[in-house]
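Letters A, B, C and D mark the chains as written, and numbering starts fresh at 1 in each.
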Amino acid sequence: MQLLITIFLDGLTYASYLFIVSVGLTIVFGVLKILNVAHGAFYAWGAYAAAYAITYAADMEYADWIGFVCIFLAAAAVGVVLGMIIERVILRHMYAQDEVLIALATFGIFLILEDVILLVFGVNPYFAYQPMALLGRIPVGGISRDVYSFTLMALACIVAFGCWWGLTKTKWGKLISVVIYDREISQAMGINVSMVYLIVFVIGAGLGALGGAYVAPTLSVAPGFGIDVIVLSFAVVVIGGMGSIPGALIGALMVGILRAVAVHKMPELELFVVFAVMAGVLIIRPEGLFAPAKARTI
Amino acid sequence: MLQILRSDKTVRWTLFGFFVLAVTGNFMPTWVQNNLMFGMARGLAVLGLMVLWRTGLISFGHALYFGIGAYAVALADKHFGISDIFLRLFLAMGTAGFVGLCLGFILRKYRSIFFAMLSLAFSMVLYGVLVKVEALGSTDGFSVSATSILGWVPESKYTLFCAIIVASAVSACMVQYYLKTGLGALTTAIRDNELRVEYLGYSVAQAIHFKYVISAALAGASGAMMAMALGQVDPDSMVNWTVSGELVFITVMAGPGSVIAPFIGGVVFEFLRTYAFELAPHAWQLIVGGTLLAIIFFLPMGLWSLLERIWVRKGSSS
Amino acid sequence: MNAAPALKVIDLCKSFSGITAANNINVEAADGDIIGIIGANGAGKTVFVNMITGYLKPTSGKIEYHGKDITGIEPRDATHVGVCRSFQVSQVFMTMTVRENLLIALAIAKDEGKAMLSSPRSPDLVAEADRMMQAYKIHDHADAVASTLSQGVRKLLDIAMAVVANPKVLLLDEPTSGVSVGEKFAIMDIVIAALKEKGVTVLFVEHDMEIVERYVDRVLAFYQGEIICDAPPAEALQDPAVIEYVIGHDHAPNRIPSAETANAAVIGTESNA
Amino acid sequence: MHKQFAYKVLRSAAIASAVAAAAMTGATAQAKDTIKVGVVSFLTGPAAGPFGVPGKNGAELIIHAINKGELPAPYNTKGFAGATMDPVYTDEAGGNSKQVAEYRNLVEKQNVDALIGYISSGSCMAMAPVAEELQMLTIMSVCGTPRLFEEKLRSVVFRTQGNAVGDSIAAARYMTEMFPDLKTYTGINQNYAWGQDSWKFYSLAMEKLDPASKASSNPQFPKIFSGQYSAEISTLSLDKAEVVHSSFWDGDIEAFVLQALVRGFFEDKKFVSVVGASAVDSLGKKFPKGVVMGTRGPYGLLTRFDRSRALNNWFVDAYKARYGVYPTGPSYQYAKAVLYYKLGMDKAAAMAGKFPTQDEVVAALKGMEFESFGGSVKMALGGGHQAIHEVGYGITTWDKEKKAPSATDVKFYSAECINPPEGTLAADWLAQGMPGAKC
């Protein structure tokens, strides 16, 4: 029982983290049809920006709760600045290209952003533990857990709800779904598609950055820390169905729980399970669990 | 088959060019030799990816076969002390080809991003196993003992250098021949219009499967050559997704223009990385990534098209 | 063997998630028959063609070729048995020249693709390709890339590629749609002549009643997935039901299919190709 | 026409390479008033901050001092056998295969005279065969896996750092002496040579030193640089074991401590860190008190404020003056390796009466004993290629008046107490119950 609770909570923690990171990726794919490898770089940038801001605030001896403000400001800043630059300067010239080629281009962007981080923030790791330390811990299932990870779950729920509400209940959301449905027709209808693309990409980048920013306090934020995230979020997004938000949620939960089980029961399978599931889902249901299955193309 | 090859100019020039390279190689400083070796070895995998690319498929998971090739060599060396180059190549290509054959039954139904993602997933499964299992060397991998040729252990790397060049030349010619046959012509046909191919009475899935196996075997050979040239294998530089990324990068950089392009691309990449790493240890990825973007934007048909253009201009001016 | 009709369709039905696209279709065609298929858009003409040639699997019913059951086989197998088709929107290899298009087609057709292992540019194949281009009067364009061809020439190439496999039964899906009025009869003369001399059974979907009148021995009129009339043209085109549901009352003998029928036809394939 | 072109390209390529070849051969510098040495450490990646850069700084400081002849006596002679060293600092990040390629570049393109460095055991295991193949003198400075010399003897590879055996046995001895009543232990180690060996030898030693002790059935081996350990921490917390052994280093130890700290992990468990001292400095006041901390030798945290050794004092002061922070383990280890190279060069030169060849240097280095900034070093194992030296552990605390982290209950174990004699495999020696250990 104790073990079950622990596995469940560990899984949930990891899943929330994965969801926040992946949801941006899936939104961008859903609308722009871009598989954005550079998403990992947004994640890393978010983490660095947040860690930098938090440590700065700490040196200035501001109250610790300022740290949380830093997290969200940093994420927003990274999303807007990097997102805008990359969409306007590079991607918008590529939409005509083949999906996979664009993905490759974003791989190039990823490499560049990775090193720019080094040039901007240096090689020394950042430790922005204040926000996590501030919240302390509570005993659950016989062991004590950090409250911070519970706030991470809460954040995941908020993000999920926000996306659902934003897409279904707002004017912008409706516009977006129109654009998803058919780009040409919506252009003909006079929708400013390129603006929709820009905004969606910025949101996607922002969510990626938020993922990084929010976990920054739990890690040593050091160079080369976006690489593993990319394939993990790919796995999540593919499992759930590229472009589907509930899909990303389910994908994150599956990966999170499975990994937790593996870590507790057979650690050597920890990485294996994630991608085995990814492959399995692709084989059984290429469009993922949630995206509607398309008709045969031949 | 032979008369096709004899009649084909590209083949002749390929052989000639590789021959010249092999001869001059002897006079090059070892570091140049090494970079050429690595470049050529990678070129083999890229050659396979090029065949796939011509049918409109890009695989983000060929590190799987690259890695299988490399680890086949390393494990055979560690457990059975197999050091003969032919045995090693046979093992590597055999295993890679066989795995390619099996996975092909699944992958041949997939196109575009789904093809890319599923191959990525397969390669990452192997990665996940390698880094976690101590018997497979976990993140350390293994070192690979020197290569022998029919029992004779050459003391200089030059012999291996020649071996790699021979392998490259042979596979380049084979692929050239393949592209000349009806099957080869089908590559473009499939990219153009699968529906028509089916109605002409040929199974698209089968054709793609065949190409996939070829590319897998080539990637296996590539990995094996790399392992032998380096004397070291490890998951992060042989099987991780970044390696697949590199291979696709070289494919696009080289361009689908000719069977020689992959090898030029591979060599250019090696030197690019060596110098980028030397000039800017903190920013070498930046240089590599920048080049990738530049190529995608300004040379969609790759370096080969650039060379072609230069030559055409020369030709017209003179 | 030849006792059985070249093509026999029995109670063929097809429905997509409730919507019936074909309902109890029964057709017989003897060797050498030339049959015109008419009907408003969405009447189920293309669905019918797609089912015969294995692109769509029928919900129920049976398709026989010379008495051999070919229901629901793969397109390539349909081609192997001798049932071929052309398309509303020409399906050719756009980045290749006319000759290359035909060479590939020939290489595949030749002894079940064994020719694939040698160069398709072998002299005999090239010669045969030239013969085809002569027969279909596209030899002037031999080295033009398909994407640069006019609709008409592309149509001819499309049909020529369908014929390469020496089909006994050939289904032409709107051979003249999207083709300039001038080209229409030219194309049909060429095609029908070439096919007649081979004794091929031809079923072609057509909107232009003049063409139908001029070339076919029999007319199948489709309406809402059913055949409402199966008779020689003279008779069929006077049939009140046909006039009501297919041709429309303003039937004039030299009616030219309007642009939108052509476009509609194009969208027609998009929806199921 | 196209084929013509293919031909042209190839021909020009061929000519180009021929010219290149002609130009590049015979480009091997013989002038020996300066020597070129590759100094390899992590300059990028998660290990750069806590290990690579302090290591590089340590090397830089000493190289500079030696070139100027500013080291304290007896090492105040100028240069390496008179020659000034021109170091080439390169990055250890990017995977073993890339490192092998880089190694070849350093030797064959940059024509270095020797290599000093390598932090990760992975790198060391991968470089050794290449070093042997190219016959290039290579002094490994930090890495710890005993496999390096136990798998086979090396001719041109040396290591001035004691291996994981010593670190682990010392840890076990310290635990059995300081906390005899803690009987059960588990571990979290990185899943590669260093982590696997550290755990292996720690548990072997515990078995012998305290037969009543019991290892957990479920020790954790996460992938190096994973960064996220919340699930692992849960597993360890659920485990009934009282002691948790870890050989985490680079960014991982910091990440682990941060995530475990909030969860009160260090109050429930006695944590033994073989090489986590870098985290003590980077986390400062934040670092939990009462952690059993090792430094893999008499340096860093443990000897920082111990003013009894002149060399150590000089090093601490010079380093602090130059970089504004205290030297950590890696700083000492790189400094030690450079010093070792100098001594070898000087000794060889003295014996040969001229500028020494590599073989003479190798001969001089074999089995050398010398006094380094952190205590004395004996090249006793692996045929005189593997160093042994004392290893110490202490318990972390915060020094109020110095406003710096420090350690209490520091205990050192002599080299002979924690290392097998030459010629015996560590595993066998432990199995026999460590015969002849002098403590």
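Just a few scattered comments:
Keep this in mind: contacts are C-beta pairs under 8 Å (C-beta built on N, C-alpha and C of every residue); 3 or more make two chains touch, one makes a residue touch a chain.
No experiment lies behind these values; they were computed from the predicted model shown.
Counting steps between touching chains, the shortest path from chain A to chain C takes 2.
Chains that touch both chain B and chain D: A. Summarising the inter-chain layout, the chain whose CA centre lies farthest from the centre of chain B is C. Taking the mean of the C-alpha atoms as each chain's centre, chain A and chain B sit 33 Å apart. Each chain gets a centre from the mean of its Cα atoms; for chain C and chain D, those two points are 77 Å apart. Centre-to-centre separation between chain A and chain D, using Cα means, comes to 37 Å. Chain B and chain C have CA centres that are 44 Å apart. Contacts with at least two other chains are made by residues 43-44, 221, 223 of chain D.
Shared contact sites, meaning residues of chain B that touch two or more other chains, fall at 131-132, 195, 198, 282.
Residue positions of chain C in touch with at least two other chains are not found. Because contacts link the chains in a way that matches no line, ring, star or complete pattern, their graph is best described as other.
Applying the touch definition to all chain combinations yields A-B, A-D, B-C, B-D. If you check the complex, the residues on chain B that touch chain C are 1, 4, 180-183, 185-186, 188-189, 191-193, 195-203.
The part of chain B that touches chain A in the complex is made up of residues 56, 58, 60, 106, 109-114, 116-118, 120-122, 124-125, 127-129, 131-133, 194-195, 198, 204, 241-242, 245, 248-249, 252, 282-286, 288-293, 296-297.
The touching residues of chain A, when paired with chain B in their complex, are 35, 37, 90, 93-94, 97-101, 103-105, 107-112, 114-116, 118-119, 123, 227, 230-231, 234-235, 238, 242, 267-276, 278-279, 282-283, 286-287, 297-298. Those residues of chain D that touch chain B in the complex are listed here as 1-11, 13-14, 17-18, 20-22, 24-25, 27, 43-44, 89-91, 94-98, 100-102, 104-105, 108-109, 121-122, 125-126, 128-130, 133, 190-193, 196, 221, 223-224. Against chain D, the residues of chain B that register as touching in their complex are 9-10, 13-14, 16-17, 20-21, 24-25, 27-32, 34, 38, 131-132, 134, 138-141, 143, 145-146, 226, 230-234, 236-238, 258, 260, 264, 274, 277-278, 281-282, 307-308, 311-312, 314-315.
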